[in-house]
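Same chain, two partners: subunit A is paired with subunit B first, then with subunit C.
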Partner chain A sequence: MNITRVAAIFEKDFKEFMRNMMLFTSVLIPVVLAAFFGRMDGGEGGVPDEIVIIIVGVVFSAVTFSSMMTMMAEENEKDTLRGLLQSPASIIDIIAGKSAVITLMTIISLVASIMLVEADGFWSMENIAGLILLGIFFLNLGIGIGLLVKSVATTSVYLIPIMFLFGFTPYIEFLVTDEGHIARQIAECFPLYQNLYILNGDGGAAEYLILLAWVAVSFGIVIWAFNRRKSDD
Partner chain B sequence: MIHVKELKKTFGVEHALKGIDFEVDKGEVFGLLGPSGSGKTTTIKLLTGEFKSSGGNIEVNGTTDKHFKKTSYVKHLGILSDKTSLYDRLTVGDNLELYRKLYNAPKNVVDEVLGKVGLLEEKGKRVSKLSKGMKQRVMLCKAVLHKPDVLFLDEPTSALDPTTTEKIHEMLEELKNDGTTIMLTTHNMDEATRLCDKVAFLYEGVIKETGSPEDLRHRYKRNEVHLTYEDGGIRTVGRDVENQGLLKEALFDTSVIDIRTDFPTLGEVFKKVTGKELV
Partner chain C sequence: MKINVSEIIGTESADYINFEAGGTKAIQMSFEYLNRLKEASDPKSFNVVRTNIPVYKRLNIKDHISFYNKWYDRKFNIDDLMKQFKLEDAGKTRLADAGDELNQRLGFVYSLLCEQKHILFIEPFFQATRENIHLFHKLKEQLNDQGKSIVVAVTKTEDAFLVQPEIMRLTQYGLQEVETEDDSPADNDSHISKIKVKAEDKTLFVNISDIEYLESNEGKVFINISREKFVMESTLQEAEKKLGSHGFYRCHRSYIVNLHKVREIITWSKNTYSVVIENPEESKIPLSRTKYNEIQERLITL
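Our next item is the complex of A and B:
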């Protein structure tokens, strides 16, 4: 990885992000949602943790995952990725530059959203550690799927299920009220639930281990996508 | 500079290249000519490391194809692909600045190359606002701003207007004079005749003929002489012993206003070699 080249790609992608309305508005979606939910009262003077964590899920799925996937898909669609790969920039430089932009946008969207819902104890070290793992998971999903998606139009095919499964996981409580139901038990192993437990103060080593396992799975997806793309070429 | 030996490429059961050989010397302009689907773009992609070969040997600028992905190889190449790869939302300057930084080229090169193709005034314009010809010129700037040792051009003037084509030809001639080794693919015979020191006819994955445009035209000239008379009549006679007397007479015949041998165009040579038109 070459820092000068990563910085050049970061600068290019940052400008592209700011001029692409589809990407730029994705940063605002969680903020608008937070402004709306910020008016809800959790009974103890704050917004319920379930709502806070769903806003977190929207930030990571709509900004981190979706923007990364869309940026990669657009590079594939317009053949600009080919141009970059014909230059001294490696795929690692390209992904690092893009990831830096997406991370910056994710932080902006997350901080603004959390400020609006005024979630107490959100910025604890334990919660930040959980958020970093969740961020890596969504970023890797975006990279992996982005490497394979050939056009921006097809990104929506992946966006809806990923958002539903990983961005809105706690919503299952409204759909399946039986706590012992198998669907609830499976959902509770999903990454966003681990962040919910950590935010509640119920998190321990198990939650971090489950998050780490999901991160490992996401790295596996990236490696698989790399190899699949290589064999396609 | 470029050595290709028995190069093969297959896609499934389709044989795109069936074992081609050619050599390009340093500072030479080499044209790979052939109709669509003949394997020209595949050859460029193999030489630039985008495709892996199915057999044979390639060496470019002292590097074998096993090392084509290395930065040390890539940074000495300039590539103009058949598809545009510019960022539409960014300005011309932003696009070129990106590549200048990726190649670690001096700061002034962006203005320098834009000036050469007459686009310096468009530096602040978004790429989406440019015409196809302008985009192609920016693409060429992108390919040459780091002063590559070898320049690969895939159909550099395909579907462009004559003015843009002329500007691109002028820039390529300048690069050729500066000693850049250029390999281009084209099906434009006039372009090949003007720019190339050496050409190869690629047809159905096989190189059918190679040589300088002039050599090929000489090699395939018809053994005929055309006599044009002042009344507009043209007589074609064979250039042989049988017509020796007639041709001598024609030299002193005042009614003959033009005597010329039949010198084929490169396109005609291609047709003679392959039996197909170059389209």
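Our next item is the complex of A and C:
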């Protein structure tokens, strides 16, 4: 990895991010949602953990996943990387630079949202560790799909299903009310549920292991996407 | 670095386009070949400078230049670069709002900063502004000094002569040098007012005073009259004899220009000159170095 190149990409993509309304508003969506939810439930117990975790899901799917995918798709669409990819290593520099921008934006969006819902005890070490794993999962998903999509328009095909599956997972409780239903049992293996258990204080080694498994799957997707793209070129 | 000609023309040929370090080639070819050449050039070793290079529409020109400078780890002074390419006032222009002229200048800057050893210019003079042609010549020297090799591919012969006096032509028979040595001028008076030309199935008689310039291209003589080209059944030498007394002048081995239509003469570099025709396109006709002084005298005494 070449640090000057990573820094060059970071600077360029940071400027682009701030001037791209589509990306910039994605940072604001979870913050606005959090402001609503924070006022809605002013009871003694504060906002329920399910709502807090759904806001976390929105941050990671709308900011981390969607922005990463969109940024990569835009480079593919405009063919702006053509001259920059002199060596195979340079794509790593580009991804690292972009990931740094996205990570920064994710943190800004997450911190602002959590402040607005006033979730107590959110910033515990256990919870932060879980959030980092969740963040890596969504970032890798964005990189993997971003490597393959050819245009910004096609990103929405992937955005909606991923957002519903991985970003809004706890909503299944409204759809399927029977607790023992097979769909509920499958959903409880999804990454966001692990973060919910960790936030509840029920988190043990199993939750972290399941999250680690999802992270491993996401790395697999990135490697697969890399090879697909290499054979396409 | 070489590109085999057979890859571009599709038939057997032992010729190749040789990219020599520090050298410049100007090659005239058909539009079809131009596209194939563009495809045959691997972006890993060739930087292709064309109209509308891919850019980040939301970023401004200065952002682009500083990004390229950092990415390629060059130590150029951004302000000096902007000054050299006359971009000082355009630094804050976003690429979405920048026109073709600015995009081309950014392409020039990029070719100076990039890592590729070989620079392929595709139609750099097509609708280019005069300022950009001057910038091209400065850039060309700089790139050659950096040890980079330049190939300029164009469809119009006049454009190839804008690069340098020695040009090549790529045809279905391969790559050939275009001879440019000057023939001895033949002065012979004759009094005619029209000239016979052919356009497809028609035979037309055009007023001599309407002709802008004549060019010889692959054994045929073409007469250019305000955007139209007609074939004249004669050699350039015969045409020169016929038209010599009507204020026409052989300014180059392959060109005769109507001195009444000449607007100005431009010096691009120490041995590249152009005669600019007074028409909406401001057609630029090559002028041989040896004719530079003579044409000025002829224009004064006209």
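Criterion: the second predicted complex is superposed on the first by the 225 of 233 C-alpha atoms of A that agree within 3 Å, B and C clash if a C-alpha of one lies under 4 Å from a C-alpha of the other, contacts with A are read in each partner's own complex, and residues count from 1 in each chain.
Definition applied: contacts are C-beta pairs under 8 Å (C-beta built on N, C-alpha and C of every residue); 3 or more make two chains touch, one makes a residue touch a chain.
Keep in mind it's a predicted model, so treat the numbers as computed, not measured.
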item	value
Superposed partners subunit B and subunit C on subunit A - clash or fit	clash
Which superposed partner A:79 touches (first subunit B, second subunit C, both, neither)	both
Partner chain(s) touched by A:220 [first = subunit B, second = subunit C, both, neither]	neither
Partner chain(s) touched by A:19 [first = subunit B, second = subunit C, both, neither]	both
First (subunit B), second (subunit C), both or neither touched by A:5	both
Touching partner for A:89 - first (subunit B), second (subunit C), both, neither	first
First (subunit B), second (subunit C), both or neither touched by A:204	neither
Partner touching more residues of subunit A, whether subunit B or subunit C	B
First, second, both or neither for A:121, with subunit B first and subunit C second	neither
Region of subunit B that runs into subunit C when the structures are aligned on their shared chain, from 63-71, 99-107 or 243-251	99-107
Doubly contacted residues of subunit A, that is, touched by subunit B and again by subunit C	4-5, 7-9, 11-12, 15-16, 19-20, 78-80, 82-86
Contacting residues of subunit C [partner subunit A, same complex]	43-44, 47, 54-59, 63, 66-67, 70-71, 73, 110, 114-116
Complex contacts: residues of subunit B adjacent to subunit A	48, 50-51, 71, 74-75, 77, 79, 81, 83-90, 94, 98-99, 101-104, 142
Subunit C contact footprint on subunit A (complex, rising order)	4-5, 7-9, 11-12, 15-16, 19-20, 78-80, 82-86
Subunit B-touching residues of subunit A, taken from the complex the two chains share	4-5, 7-9, 11-12, 15-16, 19-20, 78-90, 233
